[in-house]
Structures are given as C-alpha cells and as structure tokens.
Amino acid sequence: MPYKDEQLHEEKVFKDPVHRYVHVQDRVIWDLIAAPEFQRLRRIKQLGTSYLTFHGAEHSRFNHSLGVYEIVRRIIGNFENRNDWNDDERLLCLCAALLHDLGHGPFSHSFEKAFKLDHEHFTQQIILGDTHIHKILERVEPGFSQKVADVIDKTYEDKLVVSLISSQIDADRMDYLQRDAYFTGVSYGHFDMERILRVMRPIEDQVVIKSSGMHAVEDYIMSRYQMYWQVYFHPVTRSAEVILSKILHRAKYLFENNYTFKLKPFHFVSFFNEDVGLADYLKLDESIVFYYFQLWQEEDDVILRDLCERFINRRLFKYIEFNPNQQMKEWMELYRLFKAAGIDPDYYLEVDSSSDLPYDFYRPGEEDERLPINLLMPDGQLKELSRNSDIVESISGKKRTDHKLYFPADVVRKLSDALPAKQRIMELLNLEQPLKGENEHAD
Amino acid sequence: MPYKDEQLHEEKVFKDPVHRYVHVQDRVIWDLIAAPEFQRLRRIKQLGTSYLTFHGAEHSRFNHSLGVYEIVRRIIGNFENRNDWNDDERLLCLCAALLHDLGHGPFSHSFEKAFKLDHEHFTQQIILGDTHIHKILERVEPGFSQKVADVIDKTYEDKLVVSLISSQIDADRMDYLQRDAYFTGVSYGHFDMERILRVMRPIEDQVVIKSSGMHAVEDYIMSRYQMYWQVYFHPVTRSAEVILSKILHRAKYLFENNYTFKLKPFHFVSFFNEDVGLADYLKLDESIVFYYFQLWQEEDDVILRDLCERFINRRLFKYIEFNPNQQMKEWMELYRLFKAAGIDPDYYLEVDSSSDLPYDFYRPGEEDERLPINLLMPDGQLKELSRNSDIVESISGKKRTDHKLYFPADVVRKLSDALPAKQRIMELLNLEQPLKGENEHAD
Amino acid sequence: MPYKDEQLHEEKVFKDPVHRYVHVQDRVIWDLIAAPEFQRLRRIKQLGTSYLTFHGAEHSRFNHSLGVYEIVRRIIGNFENRNDWNDDERLLCLCAALLHDLGHGPFSHSFEKAFKLDHEHFTQQIILGDTHIHKILERVEPGFSQKVADVIDKTYEDKLVVSLISSQIDADRMDYLQRDAYFTGVSYGHFDMERILRVMRPIEDQVVIKSSGMHAVEDYIMSRYQMYWQVYFHPVTRSAEVILSKILHRAKYLFENNYTFKLKPFHFVSFFNEDVGLADYLKLDESIVFYYFQLWQEEDDVILRDLCERFINRRLFKYIEFNPNQQMKEWMELYRLFKAAGIDPDYYLEVDSSSDLPYDFYRPGEEDERLPINLLMPDGQLKELSRNSDIVESISGKKRTDHKLYFPADVVRKLSDALPAKQRIMELLNLEQPLKGENEHAD
Amino acid sequence: MPYKDEQLHEEKVFKDPVHRYVHVQDRVIWDLIAAPEFQRLRRIKQLGTSYLTFHGAEHSRFNHSLGVYEIVRRIIGNFENRNDWNDDERLLCLCAALLHDLGHGPFSHSFEKAFKLDHEHFTQQIILGDTHIHKILERVEPGFSQKVADVIDKTYEDKLVVSLISSQIDADRMDYLQRDAYFTGVSYGHFDMERILRVMRPIEDQVVIKSSGMHAVEDYIMSRYQMYWQVYFHPVTRSAEVILSKILHRAKYLFENNYTFKLKPFHFVSFFNEDVGLADYLKLDESIVFYYFQLWQEEDDVILRDLCERFINRRLFKYIEFNPNQQMKEWMELYRLFKAAGIDPDYYLEVDSSSDLPYDFYRPGEEDERLPINLLMPDGQLKELSRNSDIVESISGKKRTDHKLYFPADVVRKLSDALPAKQRIMELLNLEQPLKGENEHAD
C-alpha cells in the first residue's frame, strides 16, 4: 500500500480537553506528530506572556496544532460525497492544518519585531528544508511538501482548501478561541462549533455557511471580539511583552557594543546579527530563552539585569491610558523628565497600542484584504454575513485601538522627594492614586 | 494597622479555570504570591512528565498552589463562628496552604531519587532561610515562619490546622485531583467539592464530615483511585520518567568519571556532588534542565546523547507487563542478552513499579500511618468512613501494585538478524506483536 | 425571637442544576416555598409551548422562582456593609424575588390575550388576598405583604430594591437566560454571572456596574439577544402558540353560542365569561388545561377537535415569511381563497409577529420607559452602558420584528386538485418546495 | 425507494442538552417520533415523583427515548464494517431503542402495583396493536413490528441486537444515568460515554468491552451505584410515592364500596376494575392524574382529600430508619397505637424498602439472571468484568437494602397531649428531636 494511504493498525487517539479526543488514522499524520520539529512546539507557549496575567494559560502550540488538525478532520468528514469537494485533497488539508504554526518561535511577536524575523518564513523553511517533516511529506509524493507549503502560504490554487486553514472562520481560529478560553478559564470563547461544522458547505472555491446557522456564527464573532479585548490584548500581558522587548533590545545593543557577557549567549548570536539560519532558529525554544534571562539576572549591566529580574519574577510595569497622537507634548515632557531623573526612557517608558478589526467585509484592493463570510441562503444565493446580521454589521469594518503608556511605578515612587522632576512625573503618570496593573482582574 | 491585619484596598482576584476565581484580601498573601521563590513555581510543571502522555497537562505548580490556598480560604470561611475553630489560626492556615509545595524542584521524583534530595527539606529551608518568603512571614510576627513550617511539617501542635493541609481529604488533594483532571481532559476527577466543603466540621483536633455528605466523599475517593491509575501512574508517563532518571544517572556518572562536557554543567555540579545549597536549588527550574538536555543532544557520549534526544523528542521506551518478583530468571537472561547485543542494560532495561493505597483506615504504630476520614453521625458519634461505606471498605487498606519492564523497542528491532541473541530478546519482550506505549490512549 | 428573624435550625439547600445549590436560612422563605400557591408553580412550565421545539424545555416556574431568589440572596450578600445599602430591606428583597412570578397561569401569554387577563394583577391578588402566602407575609409584620406587592409592582419607594427585581439586568433575567439555556441545551445563554454579581454596586436608588465588569455585561446582553431570537421567538414555538390561541378562541366561541360540550368545562366557565376570581384562577394549572384539550379531541365540533388533536400530538402549522404591512393584498386573497376551499381562515390562517428591543437607553417620557444600565467609572462618574460599549451601542434602541404566516400545510395539500383555488393557494404559500416548520433545528 | 430505505431530504436534528444533538436521517424514525403514541411520552415524567425532591427533575420519557435512540445510532455507526455485525439489523435496533419505553404510564411503579399492571405488556400492545406506531412499523415490512416487539422483549433470536437495548451496560442505562444527573443537577452520573462507545465490540451474540476501556466502565458502574442511592431511592421521593400509592388504594377502595364521587372518575374505572384496555391505558397520562387529584382535594372522604392535598402541595410524610424484619413488635405496637389515636394506619403508616444490586456476575439458573459485562483482553479472550476490577468485584452480587417507616409527623404532633397513646407514639417515632424528610439536601 502506498505510504499516503497507509492506515494505522488501530486508530490512535489523544485525550484533548477541548475536543475530548483527537483521532489519528493516517500513518503520515502519526509520523508528522512524532517528528522533532513538531515535538518542539511543546516548548513554545501558545499565548506567550499571557500566563503572567492568566495563570492557566500555560498551554503550548503543540496543543493548538493538534486541535486545528482535529477540526479540519471533522469538517472534511462532513464534506465527503458533497459536490465541489475533492476528496483527493483530504491528506493535504490535514497536513496543512497540523503544520500551519510550525515556524513559531518563543514569544513570536516580540522576537519578530526585535530581530526582524517572520515566523511564516520559517514555517515554509521547515516544510521545504532539510528536516524530518520535509522527508515525511516527500514520501507521500514528490512535491507534496511544496503543496502543503502553498496551502499555508495561501497561494495554493484550490482556494477551498486554503479557506479551511485561513479565513475569517477557519479551523485555526475556532480552535484557538476555544482553547485559550479553556486554559485561561474565561467564560467568553463559547460558541456552538458542532453546529458551525454541520452548516459549513463547500461551494466552488470557498466554504460558506448555511443561513440557518447564522446565529452560531454571530456567537463565534462575538467570542472572538471578547477574547481579543479580554485576553489577547490584556494590558498586563502587554506590560510583560514590553519588558520582554526591552530585554531583547538591550541584549542586542550590548552585543553590538562589544559588551562582555559572563557566558557568551551563543544561541542568540545569529539573532543579534540578524542572520538566522534554520538550525539556529529551531534550537531557540522558550527554555533556552528562560535560561539566558535567568543568567542575565546576574549580569553587570544594570538595565539588562533589572529587566530580566522583572520578567522572571513578574515585577511588571504599570500603565495609564495614553494616546500618543493627542499627547505628544506630555510624551516629550515625560521623556525629558525621565532622563533628568536618571531613568533611561528608551527602556522604561513605552507606549503600546493594540488594535483589532473583529470582522471585515470584502474590500478589494486594500492591503490585507480579508475574504468575507458568506451565507448560503435558502434560495441558493450567497449573502455576505454583515448584510444579514445586525450585530455583525455593527462591528464590521470598525477598527478599535487601545493605547497605553507603560513605566516602572516602583522606580518612580522611590525617587528622592528632593528631585525637582519627581513631583511632575508623579502628576503626569497619575501616581497619586492607586494604579492599575498590579492585578488585572481586580474589580 | 499591624501588617498581619492589613487588607488590600480592594479584593484582588485571579481567574482560575478550576475554581473560577481565587480571592485575595490579605496583604500578606498578596506579598507572598509576588515573592520570587513563589513565582519560581511557574517554571515547574505540576505533573512532571505527564504532558508527554496528556498534552494538556502543561500546568505549573503555581496554579496548584493558588488552588490549595483558595480551597482552604473557603473551608475557613465556613468555619467562622463554629466551636472548636480558633479564628486566630486563619492567616497561618492560608500561608501554609499557599506555600506547602514551595520546595518542589523540576521533575521532583526523579531528581530526588537520583541526587538523594527531599523537596520537603527545601520547603522548610525556603520558609526558614534567608528568602523573601521568610522576611514576609517574619513581618507578620517573629516566629511566624516557624509556625508555617511546622504546619507543613505536620508537627504543629494544633492538629486541626495540620489536617486542613495534610490528611486523606485535604485541600491539597481536592485541588490536584480536580486540576489535573481539568488540564489532562480526563473525565475522572469530578466530585462535588462544594458539598464536601459544606459538610466539613472542625471537631477538636480534626476535620470530620457530616454523615449526610458521605456519598460525596465516596465519589472523591473513587476519583482519586481513577486518577492514580489513569493519569498519575500511566505507563507512558513512567516511560518518560525512566528515561529522565537514566539521563541524570548518566550525567552524574560521566561527571564523576571526569568526562569533559562541551559546556560545563555548572548548574548541576552541586547536585552531582550531592551537596546542594538553597541558592543552587532555587536556580534549577525546568527551563534550566531543558537547556542542558538540549545541549547534551550534541555531546560525544553516545548514551547521554541518545537518552536526551529521546526525552526531548518523545521517542520513549516501550513496555510489557513484568513482575520482577516472579520473573527474576527472565530478568537476568535479558540483562545478559542486552549486554551481548551491545545495548547497555543499566540504561536501557528498567523495571518500574507503582503502587497505591487508595484509602487507609487507621493502623496505629505502622510506619506512614494515615489518619482516617471520620464521619459525624446524626447522634454526634464519629465513625470511620470505611465502616460506613461498602465501596470504600472494598478498597480500604488494599495496596495495588503494577510492574512494567521498559526498553527501547526500536533499538532491539534494528539489531542484525544475524545476531544470535536477537531472536530470544524479541521473544522475551513480546516483540512479535504490536506493542504498547507508542500511544497511550489507543483503544 | 420575632418570626421575621427566625432562622432554620440548619441551613436548607435545594440542589439546583443552574446555581448548584439554592440556600435557605430564613424561616419565612422556607414557609413561603411550602405554601400551596407557590407549589402550584410546579404545574406551570416556564417556557410554555417551547417544549414542542426544544424537548428539554420542560422545566417549571417553580424552578425559576427559586433561582431568582438565590441570585438576589447572593447579590445582597455582597452588599452587606456597603453604603447606600439598607440591610433592613433584605427579607423584603428575598420575598419579592421568590414571589415575583406567582401570578402566572398556564401558557400565560395566550391565556392573557384570549381572556383579557393580566398575570401581574393576579400576583398582586395572591400576595394581598386571602391566601397562605398572604398570611405568612403578614406574620412578618402587618403591612409587609403590601410592601412585597409594591416592590413587584415597581411602585415601592426604595428604587434600589425595585431594581434588583426589575431592570435591564436584574435577577429575573439573569436566572431565566441561564436556566432556559440549560434546559433547552442551546449554547447561548452563557455569561459570567459570578463576575457581574461581584461588580454590582448599590448607588443611591439604583444598582450600577463597575466599569471593569463591562465586558461581562456585554456578554449578558448578547446572550439575551440570542436567546430571544433562537429560543423565545422560535417560529415552531410560535406555531404551537397560534394553535393554542385558536383553541381558546374556539372554545369560548362555542360556549358563547351555547354549544353543548360532552363534559361541561366548568374550570373554564369564568374564563369564558371574562370574570375570573382568584380561586378559579389558582385552580387552572397546566394539567387541567391538558385534561380538557384531551377531552376535546373527542368533541363533535370539527374545528375544536382538530386543533386540540394538533396541539396534543404536535401536528403544528407550517410557516412562511410574511409581512402583513407590505402584503395586505396577498393576505386578503388568501383569506378569500381559504374560505372558498372550505378551510376556516379565522382558525387556520394567522400572522404572528414578534419583536424585541434587546437593550434600551433611557428615553424619558416614552411609554414603557426602561432604566438604562449605568457603569461606575474609575473616576466615580456614572456612564450609560451603550455610550461605552460599541457592541451594545450597535443594538441599542433598535427594535427588530419578525413576521410569519402560519397555516396547516397538510390540509392544503390534501385539497382536491380539481379545486380551482388550490393551485393559487399552493403558490402563495410556497408549497411547491419543501417547507419549514416540521423540524426547527434542521440545517 | 422502499419505505425502509427512505432518507429525509435533509438530516433533521433535535437539540438535546445531554447528547448535544439527536440526529435523524431515516423516514421511519421521523414518522415514529411524530406518532401520537410516542408524543404521549411528553406527558409522562421520566422520574415520577422525584421532582418533589429534585426540582429540576421534570423531564419526560420523550426526552429519554430520543436519547436511547441516539446512543444506539452512535454505537451502530461504530459497528459498521465490523465482523459479527449485520447491518441489516440497523433499522430494527433504532426502532427498538426509540420505542422501548413506549408502554410506560404515569408514575409507573405505583400504578403497576396498585392496579396489577405491567408496562412491558403495554409496550408490546402498542407495537402490535391497532396504533399509528404499528402501522408505521408494518410499512417497513410485514412482521417488522413483531421483530421490534421481540427485541424489546429480549426474545429476539439475535442476542447481539437485544444486548444493545437490555444488558448491564446498554444504551438505556447510559442515557438515563446521564440525563437524570443532568436534570437533577447532581454531580454523580458522569462517565466517559464517548470512550465506552468506542471500545464496544460486537462479538458473536454479545457486545463486549475492549479491556483498555475498563476504567471507563468502572466509572459507569460507580455512577450507577451513586445515582441509585442518591437519586432514585431518595427517601423524600419514596415518601411521595407512598402517598401516591395510598391515594390510588383509597380511591379504588371507595369505588369498590360504591362511594359517590362528585365527578365520576371515568378515566379510572377500568383501572379500578383491573381490566384496562389499550385505549383506556393510552388516555391516562399525568395531566389526567393531576386533574383527578386536584378534584379529589374537594371530596367528602377525609382520607382521600387529605392524601391528595398532601401530594399536590408537597406536604409529605416524614420517615425514620425502620427494619421490619427486626422490629416487628414495634410495628405492631405502632399499628395499634395509631388506631387508638384515630389515625388509620392502613393509610398513614407504611414501611418502604428499596434494594439494589449494582452489578451482577452471571449466575445461571437463578431467577432474573443478568448477563455479565465481558472484557475483551489483548489476547482475544473474554473475561468477566468483576474478575478484572477490584472495585467492581467489591460491589458485585451484593444486594443492599434500605428500610424506612413513613408517617405524617404533623398529624401526630397535633394529637392532644391528653391522649395516652401520644407519648409512646412520639417516642417510637423519634419525634422528640428534629426529623428528616422536610428537606432532603439539608446537611
């Protein structure tokens, strides 16, 4: 029997807290899961620094990847024997689902910004380069790894296949919303996935939703909205993210300025040089990062030491509302005052902005255009979701942005009262009254 | 206001997936949670190697410690104004609950065995030594840290206080059963804790259960039984544990034999020397361990390299049922055959036995005597649980043991067929038929 | 000890699937629950005809009433010792919560319309008239029953007390949304009530929500929106409601026209005469209604018999979208055609419209003005919810209406093809294609 | 297409709180559900008088019947293409599952005892007699109704089919345990049904369980045990049951003694005469019973009136532990004393005993022999469950019995203190101290 058709002697299952069970029947999938590049995802948290806000959020990308695979498996199970669905694409879909996040590194967002990396680039490299994953895919058939890479890259010709993995209601989002809600423990993130799966229909080059399932989709969109603002953009999480970025920038700066580390950070060298090869990239998981951050707590450089100590022991920055567009003057004054007070504003004063577009209708030609969710009406016509749903219409295309200014309140408070700048800093940072940020969930 | 009575300006809450919310009102508790020694528990998994069997089980001891605190807080809330309860012990109970696992290191069990450590010893040291935790406790009142240490050590004079933290139905067990069930996703581990908390009564020096709540307690005992055998003693988890132990032993052996590591394992030196101070102990969390295991994948020593590669990439040992008491002859034959085949049996052949006593009535004088669960009958008498419950009686005092033999099936299979030993090894290890251990949940 | 302060020897609890436990400590509450007028609520379904759509929705108003009581009990528990809260009102709140639905009869909506009744009127009568409930309340203190009646009637002077029972986010709504979701099994209806309760604050004459809890309130508003359209206004439920109304109208018509029933419907006589006393009202619960409907299946009157048989055996009317405002001509044509075909359109053709205003800001002076939900901002100001929440703003003040036309498709289909009207009826009713209404959840 | 193979145009689904969705694809099943004899199950509570103990337990047998059907549908879905499974039996299994409880009447147990009825007899009659159900089944193929009746009667030749519906781990039990737990809200009743379904294997004439699923089965057996003692045999429920029986006996007694009822109880006549035909049986649902009980609250006969008033308004009997085998003397004394005090002991003094055999191994030849649960071991052998499981072994074959004595405490307490018998009655009934039974869940 050709490798691509090989079935396990008995179906294997993984106990999964979100989907109850993840089922594996194909030898290929089983082998991919066992590959070192996939096992590595166990050492990278799904939600980066969120565990410092929600202590339950310690789950890994390994978890999520299995979940996305399982959802696609169920969708395809429903598609069998439907027109417009080509069952030859089955294995391709499953592989793309399983592997779509393969290139993520530790704390992806911060690392990507600090070292100009792109995790999607590495996903492609792992699939196409000299890896266990690549070899397994090529055993399916020569060129199969390229197909998988194309699906993940959204360039694969069969857009129906692409849309299962990447659209405004894809398996990726359905898994992470539910999974992140489960592990954080928040009560958002519930929607009736079973129903959504049952009303999905493959129509030509897209997956559409039977209109009778519209309300389940509304619920999903609302879940998404709440999860973004309650969990993903939580200001305490962002505070930890700010510190993390500052650590990376400081270490790079020191490296570039020939600072002598007590132990040479050899895992980081190619990152500092912005010339990261696949092998180096694969080695840098979260345990390595934590190892260095802990070492650096004992470095001579005061800033690096302090920032690492803050991150490791969760002594985070506090925050206030702060709109940089309207408060440029205050910003400049604070920057100057921090300098005067001996607190380096490049590391201890940061505006962070988050914005989200919860749902978008189709706007052709614009950058980052997003395919809309289409409903299949009883008369067979397609109708874009926001034109049928008041609630979705109300948030459709509306970008919301939140700005916060982060700073170390403890340091400011400890400044000598004799210092002329102190009083004004306290005033600008609202430090007279109790501050937010110590605990996120306080009511 | 004295420090011990200080209340937070507003109650703080942590979102917890198991108990919904963890509530903190006392300044002391808030400060303890923020202490570096407590934050360190975020870097130690609650279930050690279980995440290799149940991918959801990635939660940390930080999670669990908050949970135990919360349960004790709720119990005490119900005790207020009851006879036999001294509300002066409130803060002491909360601190002991929060800190009872403070001394755990990474993969405690394996490390303790390999390096002759005792996590309870380190819990005492962290509470009594020169630490942030110690200072906070002494601010409550001089000698308070010793009281906390005594409660955890079960030597504190008020046995009622001790029993909240350590008994056959204490806050520790109630939290971990529910929490571990939640994160692994298994359907065992459910019992009606709300009811159990409501029927707990402080009577002299113990906590007893009103007899009307007996069935909830039965359910708890059954949960415990199922969790031990389905989760804690899962053979795949034990397979990972075996490999982990072998890594530690091999590294120690190499160190003692002056092997030159590519990078000196300085975090491990005091462990190898079996002379671990508090500072060294606190530094060794799981990220450090993983760092070294990853480095060691590139060591020259073939055994260390192979074992680390197995652990990191989850290429575990397979297993068969094997009772060392009855199969000593086979064991010796296998040991000899492995040697002959060039597979070092000291690292690649291991019997692991797990045993559990799900509930025990009181057997005075025996070692490790356990206090029984007593029911408070309607007539005011106390009656030991197993004398009132058929189900509990049936498993009471009955130790159950499970033995398995672990080995690398892949290596054995790859032996040359020309090798005379191979055939016999295959036979003894049952390698003709499909083997268990690749996937735990396969049915 | 005065009756109003009497506590039960031991707290009593009811196992409740929604709130886990309902706790009763006050003798007064215990006695009210045991009163026959309260026990009667066990014989009246909370959701009327919904059980014909969602088979799980068989729960009674007794269930819900206990739930509302429990929620108010928890809210008040959080209010203790807060300014603006007068703990003397505690028992009044609990009684009003427990008794607020006491006057509901079977299938309230249809009965009220058919016989010009008002359940609120009967709630007042039961509390103030010669009943067990009344006597218990007057034992608390003379005039106490009037206070309870006033709170339920929203005329009580302390509006803070009123708002716990009747506002846009009151205990009534919070219970029924969760309870109805639980029993129907739909996945809407989840929101974080525990958090909402914790962020409720009594401020002067209203309950406000700390702004940090806004997202939980958004979730509640969305739940409400989904429950209305997915459950409460489900077209299949409304189909059963239409038939029920027609039965009541037919029976009344026959009675008024001196039709001789096989068994005199003596429970209904005062209803037919539109002169219902309290004693008669209390006797008519759902088992009585079902008794008559079953008898009437064997009546001589063809219409009454058919309608009862439809209701009892769930042979419901089918439906199509139909806007009476725009389709008056079709309506008149259909009415005429039904007559011509021998199907009485007064009983077999009905437009039913449902509309809902999911959230409303304050519009003083308009009829049915609704108090808005106010957020308590960090600076101590109050801010109306929809001014702070995009999602709520989007649905605020927007009434949505759904119109459907109901008719017996089976009868139409069985008309002789020779009948000239048939073809046109089939066309107007869309009867060429498969029709909705047989099963509600079909996708 | 023959009727038996007809598929619905689109799959229909019912929203079910326990199984999430119940799926119907076969026209036959759809028609059976719509039949009046099946719809009648909506008017019969699944748990009889339990709703007076657990207010959530108001669900009907309609609910449960759909649930059993759905479980069998899922089991069969897993069986397809397995040896030993004959897919021709599919529709037969589904019909038998759906219809297995069709003959239940209101409060079955009490009615059966009072009027010497047998619900299984009526199930057979409904399937084989002149009913809508019968006609639908005969359309499948002549003789099909007999096959369905045989499966339910356990006389069908293919025992594998029988065992799906009736065995110690059948679809019936799996549904009711979960469903009754859901609606009562108790925390027992959880087990991993998904896993049990997946490890079920058809082997010759029985369904066996792969040994890897043994723990899930243990959990199921424990659930069953807890549900019996915590829910089904709850003494408060039995108190209501006692009163119900007494009402039926009193009414029959009055009828036989030519008492003149205010309204002739014509629905009951054939029951009193112990000559119930199918038509009469089908008419007597719970609403009819409640109708009469409410009427009888106004009868002249003091006993009938009082008992009905107690049942309707939940003024139940209290109870004490009482073993009739050992306390015959007390029983006789009480009987005599009640008479002396003017309380008719035939209606107001009753011993009720419940007993349960939670699991039984095979005991051939004994009456009511039960087939054991067999495990399929890895070596292909079958092994009876209790021989492999310590926990099951411990409760296997052990009958447990609970005896209680029920009586109206309120009446006894109101006896004149002058009455000589009173003091002794109070003593024998333990009436000095607070009594159980007012509220079941009090701790």
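Side notes on the structure shown:
Here the chain labels run A, B, C and D in written order, and each chain numbers its own residues starting at 1.
One rule holds in what follows: contacts are C-beta pairs under 8 Å (C-beta built on N, C-alpha and C of every residue); 3 or more make two chains touch, one makes a residue touch a chain.
Since this is a predicted model, take the numbers as computed values, not measurements.
With every chain reduced to the mean of its CA atoms, the largest distance from subunit A is reached by D. Taking B-C and C-D together, the chain pair joined by more C-beta contacts is C-D. Rounded to whole angstrom units, the spacing between the C-alpha centres of subunit A and subunit C is 44. Centroids built from CA atoms put subunit D at 31 Å from subunit C.
Annotation: 52 Å between the Cα-based centres of subunit B and subunit C.
The multi-chain contact residues of subunit D, meaning those touching 2 or more other chains, are 13, 20-21, 186, 198, 442-443. Against subunit D, in their complex, subunit B makes its touches with residues 186-188, 190-192, 195, 198-199, 210, 212-213, 215-216, 218-219, 222, 225-226, 229-230, 390-391, 393-395, 398, 400, 442-443. By the touch criterion stated above, subunit B contacts subunit C in their complex at residues 13, 20-21, 194-195, 198.
Looking at the complex, you find that subunit B touches subunit A at residues 9-18, 20-21, 34, 36, 39, 42-43, 51, 54-56, 58-60, 62-63, 66, 182-186, 283, 285-291, 294, 312-315, 434, 438-439, 441-443.
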